[in-house]
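There's a structure below that I have some questions on.
Letters A, B, C, D, E, F, G and H mark the chains in the order given here, with residues in each chain numbered from 1 onward.
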C-alpha cells in the first residue's frame, strides 16, 4: 500500500463512500510500510539504479536463484557477496547473465542498456596482496553503485616509500577506502597525508595475536589521524556502501 | 625549508654557484618536511580557517597555555578537548579569549572578525541523556570546522517512536553523527531510515557487560545497516572531524 | 497530535475545507508519535500506576529534582536507582516525600492514597550477603510495580542444604529472581528444583577472575537448567521489571 | 525409592517390626532421590505431557536410539535438539515415529492420541533470514510444550518499518521470543514497543567482530528496554523453555 | 530440627500418637537442614577446632564485630580475611583478643588453652617480594587450620639458582603452595622438581599485559608440570584451605 | 654422569692424580644432570612403577612407536594421551601389548606381573554424559598411577537430588575429581558437601558463551567453596596426576 | 628513477635546457621511491646477499612460482615461509633449485657459488618437541641471513635440570631465540641465566586456556627477566630476522 | 658458599681430612648458589658497573631506603623505577646522593668518580608527547647502563613527514627503541626504514578501545616489518635493558 491507497481513502471520505470512523480505522491499521512515503527519500535511490544486495554466504544456491529471478525482472542492478566458486557456477548455470568475480567472490548483474551514474573518484588502497579480496569487494560494490574507482595495492607501512611515491595520484580522490590486515596502520598514515574522508577496513589477514583481524581493527579505531572511520573486519562491501553514500553528496 | 629553498638550489646550479654533486648532496639530505609541497593539498585547509586541535587530557594547564599562545598569534581557530573545569579556569585566567563549553569539557578560540565557512547540515543524534557530553564534543568540533549542526537528543531505540516522529527533519541533512551507549543500536536504526552516511560513536555509558563501551562498539561494527562507519569509544571529536571532511566534499 | 487530529483532517476533507493533496501532505508529515494509538496498549500500563523510572547514577541532584517535580505532579509512583546517600539527602531536602532505601541506594515515591495492585508472589533469592544490595534493588523495583515479594538470602551453593531446607516455601512462588556473584551457580540449582521461570542476576561481587561479574554471568548463560534467563551484571532493577511483566500475565 | 518406601518403614515402626534406631538409620541413608516427594511439584508437569529433552549434538545415533526407546514406551512427548540430517535418518530408520524438522535440526515425538495443552500465544520474531534455524528451535520447543506459537521473520532494525507495520499483531501475544544476530538490537526495539516479557536469543550469525554471537549477546544484555532477559547464544531451545514456563503461569 | 526430631516422629508413630499419613506429611516437609546428619561428616571437622572464616572486604567493622561476638562465644578459632588496618583497629578496640596480621591484612582469634593439631609441613614459596601479602594469607590460613608452615620467599624464575639452592629443604614437605605474579612460571619449575602436590596461586602483581593476574593464572593453568592445581588470583586463603585439606589426609 | 663420576674425581684428587684446580674445573663443567642425586627423590617414584606419560596429540604414530619401544624395554607402565582411534590402531599393529581406551582416547601399557600399588579411593564425578571422556582420562590416569578409583557420572547441579542421593558413598573417598562443562558449578556444590580436597576439571562441553570451557573454568576458579583447586580445560590427565600425588601422601 | 635521474635534471638546469620552474615541477612529482638514496642504507644489505622473503601461506603455487622466477634471476637468496608439502612439490616441479624443509614448511634458494656471511652464534632453544617447527623456522631464517646457529631442544622448565646442564654451551652465544608454548616460562629462565639478548617466541602449542598461544605470549611479555623481547605467536621467521639484525651489529 | 668452599673440600680430600663419602655428601648438599661459578659469566657484568635495578612501585620509601643503603656501600650504580614525587622526596631526605628524574619518575645513583662505559648510539623515538614518560624511562635506563642515547619525540605516523625528515639522523644508530600508544604503528614504519633492531614499547596512552595499551601492543606484535621485537606495555625500563644488551655486543 502506498500513498495512492491513502489518496483513495481520502477520496472516499470526500465522496462520502467512507465515513470518518471507518477511515480512521483503516488508517489506524495501515501497516507502517504503507506509510512508505514518510521515508520515500530513502528508497528513491534504490529505484534509480542502486543495486539490490544479497549476503550470499548463508544462503543455498537455490535460495539465491529464487531471489535473483525476482530482482532481475525489475531490471535492477544486483550484488551477491561471498559466493564460493562452486555455488556461483550452479547459479550461473541457471542465470547466465550474472557475472562472477572470483577474487572477491561476488556475483553481479547489470541490466543491459542501463548506464550507472558516474560519480567522482574513490580510491581503494590495500596494505598487502592478501588484503586484495576484501579490497576488491569494496571496488566492485562501489562501482556497482555508480562510482569511479581506482586502486593502489601492496603499499603497506613497512615500506612507506611505496605509498608516499604515489601521493600525486591522491589529488583527485574524493573518498579513500583503506584496507589492511596485520597491524592495520595504513589508514593512520593515509589519514595523515590527505584531507578527505578515509573509510578503514580491517582484514582478518594475519596469525597469532592478529586474532582474526582484531589487531587491525583496534589499530584503526585508535588511529591518531582524525579523519578515519571504521567498518567491520573484512567488510569490503560495507566500506563500498559508505564511500558511495559519501561520494554521492 | 619549502619550495623556495629548492628553487634557490636550482638557481645556484644554473648560475654555477653550486656544482651538481653538491646540489645532489643537498637534495639528498633535504628533510622530507622541506618537500612539503608534495602534500601541500593536505595542509592547505589548515591554513584556511580549519582549527588546530589539542588533546587536553594528558597536558597540564601550563603546557596548554604555552601551545595556545603560539596558535592564537596565528589568528587561527583552536579546539582543546577534554579539559576539566578547574584546568579550564586556570587557562582562562591567562587567556581570557578562550570560550569554555562545560558539557563536552572543551575550550575553543574563534579569531575575531573571522567568519567560518558555513557548510551543509550535519545532524548529531544521541540515544540517551548521558550520551550528550560525547554528542556535544562532536557538535562543537563540527561547528568549529565550519559546519551547520542540528541536534536530536534522547531518542533511544527502546522508544523508537521518538525517533520516527522526527523523520521529516532528516531531509536536509547531509551527514549523520549517531551517538549511543548501552547496546549501541541507534545507528543501525538511523542507517536503515536514511540514505546519507552515518558516523557512529559508541559511548562508555552503561555498566556491567557494557565493558566501558565495547558492547556499543560491537553493536555498531556489526550494524545490519550498510551505510554506517564507526569511530573509537567516546570519540565525539573524531566523529566531528570525519563528518566535516565528508560535508566539505 | 492524536487520533483527534487525524479525525479533524478527515472531517475537513469531507467538508471540502481541505483538498486531497493537502490532506495527503499533512498525513505525510504527521510525526509518528501522533500515531500513538498504534502502540497505545504499550503506554496504557504506564498510566495505570506503573512507576516512572530514573537512572540516577549519571544525573546530578538538580537534574533529578527537576524530573521528579514534573512526575510527582502527575501523582505517579516513581523509582530513582543508584543514588548515593549524599545525593539522596540533597534531593530529600527539596522533595521530602521521597523515601530513601540505603541498601539498594534507591529513592521511591508512592502517591498518597494510591494502592498499588497486588499480584502473586515473586521470590528474590541471593547467594551471599554481599549480593543483597542488588537483590534489594530487584525487591524494591518489583514492589513498586505492584508485586508481592519475599526474600531468601545467603543460600549459596557451597552450603546447598541451606537452600534445600527452604524448598517448601517455593510452592506459592510465581517467578524467581536469583542473584549471585562469584561463580553464579545458584540459578542453575534453583532452576533445577522449580518449574517456574527464573530470572538470574549476576553481581560484580568477587575478585580476580571474577572479572567484575563476568564469571557469574557466564555461569548463568551456560546454565544446565533450562528455565533460566539472564539480565546484565548488577541489574536488579531490570530483573524486577522482567519479573513484574511476567507476574502480571 | 518413593514415598511408598517411607510409608513401609513407618508401618514397620508402628507394627514394631522395626525398632526406632533401625528406622532412623534407614531414613538417614535414604538417597535424596527417594525423597522425591519434596520436589514432586517440580516433576509433576513432566508427567503431564511436558516433553523429555535430549541434547543430540554430542550423542551418537545409537545412544539417542537407546534413550528414545525407553522414553517412547512411557508415551511421553520427546524433543531431540541439534541432530544433523544424516544422524536423523539413521534414527528414523529404527524409530519411524520420530518426526524430523530439518531447519532447526530437531527430532520430535508426539504420542498418538495425546493432545498437548494449548496455552496463550508466544510470538517468535527474528531479525534476519539466517536467524531462522534458531528461531525455529524455539518454535518447535514451545509448541511441543503446549503453547500456541506465531512467527514474524526478517524484521531487522535496519528496516524498522517492517516491524512497526506488524504492531497490531502484538496485542494478543503473552510472551515474545526475539532472535537476532549481527548487532542484536531487535529485542531492544521490541521491548520498547510492548508491555510483555521479551526473551532475547542472540545468534552466532555474523562475521568479524560479531565474535560468534558475542556482539549480539552484549547488545541484548545492555538493552535500554527494561523488560528483556537473555539466554545463551543460539539457545532457541532454552528460550522456548523459559517462554513456556512464563506462558503457563 | 535434627535427628532427635525424627526420632520423636518415629516414636509417635510407634505409640500410635501419629498416624502414618501424618508422619509421612511431617517428613515430607522436613527442611533438608534437619537432615543434617546426612552430611554430618562434613561439619564435624568444623566442630573440632577448624576455624570459622569471614570474608572481611565487603563487610563493615560493625558487621564483623557482630559475627565475631557470636563465634568467640563458641570458643572456636576464627579467621577474618582482607581487613584494612583502619577497620582492624575499630574491631580490636571492641574485641581486643583478635590478633591483627598487617601484611596479609588478616584478623585471627585462637581460643586460649586450645592447641591446634599440628600436621606435617606445608611450604609456601613466593616469586617476588610483592607477592608476600598473598603468600602470608596462605601461611596464616594454613597455620590456623593446624598445619606446620615454612616459607621460602623471593625465589623467582629469573634467578633460578636461588630456588635450586634450597632444594634440600624440600624433602620433608608434604604440600607446596607456590605464589607468583608476573608470568607465573614458578609453580611449573617447582612442580618439575618435586613429587608432591603443588597448589599454585597467581597474584595480581604486575602491570600492562599482566591484566591483574591473568597472565600468571594462564601460566599456571598451562603448566607443563603435571602435579599443579590452581586457585583464583590473589586467593591465598583458598590455597591455605586446599593445602590443609590435603595435608590432613 | 652420576655420583659415581664425582666419586672418581674425588678419588683422583685424593690419590693426587688430579690437582685441585683441575678438579675444580671438572666440577665446574659438570652438567647439572650429573648432579641428579640432588633431586633424586623426585625421580624415585618414577622408578617404582609410576607410569611414563606421552602427550600423543601432536605426535605421529611413528614417533609414538619409537618412544614406546624404548619405554617398554624398561618394563615400566606407560600412558599415551589423546590418541585417535586410527592412530591407535597403527600403533597396536606394531606393539600389540598396548591397551586402547576409546572413550578417553588413551593407550596404556602395564608390565606383565607388575602389581601397581593400590592406594585409597579417588572418586571421579562428572556433571553431564558429554563430560565422560575427560572424566575417563582422569580415571585411567589415576588407576595407572596406582589408585583405587570410583566414578559417579551425570549428576549435574540442575538435578541436585541426583548428587545428594549419593552422599553416603562419599565417606571413604580421599580425593575428589569433579569434571564439569557448561557453567561448571558442580565442584562448588561438591566442595560444600565434603571435607576432602576437590580437584576441579572444566571441560569444553557447551556452546556459545561457554567459549570452549572458559565459562566452566571461571565458575570453578570463583568457587565459593574453599577446598577446590583447578586444572586446565579438558585436562583429565593433569587432574589424575594431582589427585594421585595427593592420595599418595 | 634514481639519483641519476635527479643528476640529469640538475644538469639540464645548469645547461639551461630546463628552466627552474620546470625543474621544480619535475622534482615535485618525483615519486618518493626515486629518492631511494635517502634510505639507501636500508636497502644496501638486501643487495649484499640478504634473502628476499615471501609469506607463502596465502599465496597459490602459481603466484609463488612467478615471484620466485623474478628473484632467482637476480641471483639472490630467497626464503618462502609456510608452504605445505603439496604446494612445495608443485613449486619444485617447476623450480627444482628450491630446497624444501618439511619441519618448518619452508622453501629456500641459495645462489650457487655465493657464500653467505658467517656471523657469530645464535642459539635457538625450544621447550617441547611440539615447538620444534617454529624453532626450525627461526633456524632456517637465521642461517639464510648468514648466521651460525646451534639448537637446544626439549628443555622445558618442568625439568629445569635439562637446561641447567647445558649452561656451559651458552658462553659463546651472542643472541638467544627461545621458543615455548604452554606457559611460555622458558625465556624467563634463560633470560635469568645469561647476559645476552633473548628473543622470545610464543607458540600456539597447548590446549584449553592456552588460547592458541596467548598464555605463552603473556608469560613472555610479563617476564621477570629484563633482557627479553617478544615476537608474535609462532613467528619463528620474525625471531630469526630480529636475531640476525642484532647479530650483525 | 663459592668456589673457595669447594676448593677447601677438595683440599681436605687430598689431605685425607675428609673421606670420599663425606665429601660426596657435602657436595650433594651444596646449595646451587654456591655453584655460582657455573653462571659466573652472567653476574660478571653486574660487578662491572652495571646498575642494580629496583622496582619502586610496590615498595614503601622505608623499604627502598634500606635496599639503597646496602647497594650504595658497594659503590654500584643504582636505578629505582616508578617512584612518585612524594616518595622520592622522602628517600632523598635520607639519601641525598640519589638523583630524581620527575618525568619518568626514576631515582638514580651514579658512584662518584666512576665512569660508565660509553657504547654506540641507541635512539629512542616516541609517537606522541604523552608517550614521553615511558620513552624517558628507556632513556635513563639505557644511559645508566652505559649507552649513548639520542631522542626523537612526537613523530607519530599521522604526520609521517616529521619522521621521514629525520631519516639522516638514523645512520649512526645501532639500536632503536620506538615508543607509541594509540594504534602503535610507529615501530612498523621505523622498522621498514632501517636495517637495525627495533625494540617496540607499547604505552597505555589512549582511551576507549585502546584498552590500556592492548591496541598498541597488538599493532606491534603484528608488525609487517620483520625486525621488530616487543616488550610489555609501558615497559620503558625493559626496553632500555634489552637495547643495552644488544648494544653491548
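Definition applied: a residue touches a chain if its C-beta (ideal position, glycine included) is under 8 Å from a C-beta of that chain, and two chains touch if they have at least 3 such contacts.
Note that the structure is a prediction, hence the values are computed from the model and not measured.
Between subunit F and subunit H, which partner chains are common?
E, G
Of the other chains, whose C-alpha centre is the longest way from the centre of subunit E?
A
How big is the rotation, 0 to 180°, that puts the C-alpha atoms of subunit D on those of subunit F, in steps of 5?
So the copies are related by a turn of 90 degrees.
Kindly point out which of D-F, B-C or A-C repeats the F-H interface, defined as over half of the contact pairs being the same residue numbers.
Within D-F, B-C or A-C, the interface duplicating F-H belongs to A-C.
Can you tell me which chain lies farthest from subunit B, using the average of the Cα atoms as each chain's centre?
Measuring from the centre of subunit B, the most distant chain centre belongs to F.
Roughly how far is subunit C from subunit D, going centre to centre by Cα mean, in whole Å?
A distance of 25 Å separates the two centres.
Using the average of all C-alpha atoms in each chain as its centre, how far is it in Å between subunit B and subunit H?
Subunit B and subunit H have C-alpha centres separated by 39 Å.
For subunit E, jot down the residues that touch at least 2 other chains.
Counting only residues that touch two or more other chains, subunit E contributes 32, 35, 38-39, 164, 167-168, 193, 208-210, 214, 217, 221-222, 226, 232-233.
For each chain, which other chains does it touch, given as pairs?
A-B, A-C, A-D, A-G, A-H, B-C, B-D, B-G, B-H, C-D, C-E, C-F, D-E, D-F, E-F, E-G, E-H, F-G, F-H, G-H
Looking at the complex, which residues from subunit A come into contact with subunit B?
The touching residues are 38-39, 41-42, 44-45, 53, 164, 167-168, 170-171, 174-175, 193-197, 199, 217, 221-222, 226-233, 237-239, 241-242, 245-247, 249.
Which stretch or stretches of subunit A touch subunit G in the complex?
129-130, 161-162, 164-168, 205, 207-210
Using the touch definition up top, name the residues of subunit G that touch subunit B in the complex.
It comes out as residues 3, 6-7, 10-11, 13-14, 16, 20, 23-24, 27-28, 32, 37-38.
Which bits of subunit B are touching subunit D when the two form their complex?
So the residues of subunit B in touch with subunit D come to 127-128, 156-160, 164, 182-185, 188-189, 191-193, 206, 208-211, 214-216, 218-226.
Contact residues on subunit G for subunit A in the complex?
So the residues of subunit G touching subunit A come out as 29, 31-36, 39, 55, 57-59, 202, 204, 212-214, 217, 232-235.
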